[in-house]
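A, B and C label the chains in the order they appear, each numbered from 1.
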């Protein structure tokens, strides 16, 4: 079966001008030659911190940005040379406050975009109410968008992107800036779309969201893909890193440095809380390391010790650190 | 082809019209500004005699149409960028020029309203007899003149997207067109080397023909010649507009300026 | 510890206010220049005023004869100050960006008058320069003869007219803070000035009720004074016009400032400060 999305050595360099009088050109390589494929009907995640290159990648795939080099195809069509064939078949959200016409109602927005998508009025007449139901905006559809909350605007974006019943959907950080309830609703909608066999490429920097929704995840940082696998396999990558957590009274920076210096310790992080501190140690020796670790912590009163399974976040941190070390060293 | 985009054109037209009507700036642009301009023009030309009334009405009407196109059509694409909606409409099955065309039609309608305001002002307030001697020719020229004007506007939209610096010149482009097209005074007042500039602007020919038709001096020869210029220039503007749209949109995708505010 | 003598305290207070004023001026200045390429800014400083001046002067020549060119030129060159004084100043006061930081300013002990007037300073300077450029163009095109003009008197006239227009701009800017429909307001006023200030149509030709409006607006007296000075009048002969223009400006400034303080109180009372 042919891939729905095929990316090969995609690269994008941004040029910006600095200064008003003597204009110097600064070049930034936002996406450094990435390659991946998305199967039809797959919910594929692109996970990475802000500035990693996720949005740039999505913009290239949705024909809004022309790559500096490399190729990409959507449903077999080239994103640069055959953009016209791609546009009716995809949907995309960059979300947020912008991108909708504030002076119009939600319903008018959808009607307008429907006309721009060349959708037969007979079809859109039925589809629009259904979409409003789907995203839960049916009763607020006649209000002006300027009065919508952020979550409502996001849901309207989703309705908008489904107007042309696209085969491939690009959702760029769909739950960013939303309160937990609204975010959960959005994720449910995404799950429903997955059931409809649409191909979805989702970008996010929320680990648990990627873990929960995606079949496979590409971890991206500084414009390069540092790992691509299912969430389970990615976690297994860090499986040998058990995590030991010490809840202590307080911990000094010298103690943290001593811990980091131990040969069997890969990473140490500290969570400061009001009443105590949490020292999180990643070490392949896991629970076996506990006595040695406790010896280093002598001086800080230990209140609780726990050992836990690594999460996607642990795997991510390790991957990113390794990638950074390879870059530096 | 044209039918396929008709719905999109109408949708853009309707959307723009709704947005315009809800903006109080619309009242200013449609009613107050032409009123003030016409008042000033009538005021300055008061000693020229009552038969200048129709001359002023036509001239201020065309001036108003240019201002509306300069900002309404000129900002058609850049305003979408300011509201953050440009990315959502740049990658659609409907080409951007169709949307701009719909928006331009809405602006043009708005401006026709202001033309009527100037006309009514001259008639009601100043009591000038605003008779048009050759009515059918007048409206014929008006119809095609407006189409040609719209084509001129279509060139502005992509031009302003091209470079943010060009937008700075937007304000400065208002009066030169009034001057070069002879809306309110004859271009004979200008130095000879400006004449070619006047000739490439279709509103110049439109104004000329309309003034003649109103005064009853429009000969068949002049009608044919002016009409041909209006249409030919209109077609050239369309060609340039088509080229600009292609080039500018491609450049925006290369330079990543579709999303800038 | 001894506290400093009252004279030192006064000097300190004064110095702080001067700093506040300059900060506002610098911010306005940067807002004006920062994002524009210098070449384009200068081009719009020259082309836009030139367009207006040429249009109305040519129209005036056509309508009333070449001998009246200087009437229209002087009127429009002076009126050009409104593009900085009205547009520039209303955006500086009523502009969204500044309104966003107002919340912080209002929570501070900073002198309100210094903040308020500082924003207008750079636009007064800008307006002054624009008028000079307009006059220069008129002279180059042979539409005005400066041989009998007292340059200092003319300079003073331009400065006062620019100040009083900017004062109106400050008032309108405050209205903009309250109603948030700045573009409508400042366009309207700009065109009303074009109509009522005597720039193109002599005030005496206007109907009586319109003349009241003319004399209540800035620029009217300034334009008349400028015309008289260019025809050779001595500064003492236009002193009452200049005094009137200055007074109008002070009045708009005072009302504007009161509105500004009122806005602060209302916003704090109704809790709408964060609405911006």
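In this text, a contact is a pair of C-beta atoms (placed from the backbone, for glycine too) under 8 Å apart; a residue touches a chain by one contact, two chains touch by 3 or more.
Note that the structure is predicted; figures quoted are calculated from it, not measured.
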Innermost chain, where centres are averages of C-alpha coordinates: B
From subunit C, the most remote chain by mean C-alpha position: A
When centres are defined as mean Cα positions, the distance from subunit B to subunit C in whole Å is 31
Geometric centre distance via CA averages, subunit C-subunit A, whole Å: 51
Here the gap between subunit A and subunit B, centre to centre from mean Cα coordinates and rounded to Å, is 46
Check each residue of subunit C and list the ones that touch at least two other chains. 37
The residues of subunit C that touch subunit B in their complex are 36-37, 40-41, 43-44, 47-48, 50-52, 54-56, 58-64, 181, 183-184, 187-188, 191-192, 194-195, 200-201, 205-206
For the subunit B and subunit A complex, residues of the former touching the latter: 4, 7-8, 10-12, 14-15, 18-19, 22-23, 83-85, 87-94, 99, 250, 253-256, 258-259
Sort out for me which residues of subunit A touch subunit B in the complex. 14-15, 59, 62-66, 83-84, 87-88, 92, 94, 96-104, 108, 111-113, 115-118, 121, 160, 164
Listed in rising order, subunit B residues that touch subunit C in their complex are 24-25, 27-28, 32-33, 36-37, 39-41, 43-48, 165, 168-169, 171-176, 178-179, 184-186, 189-190
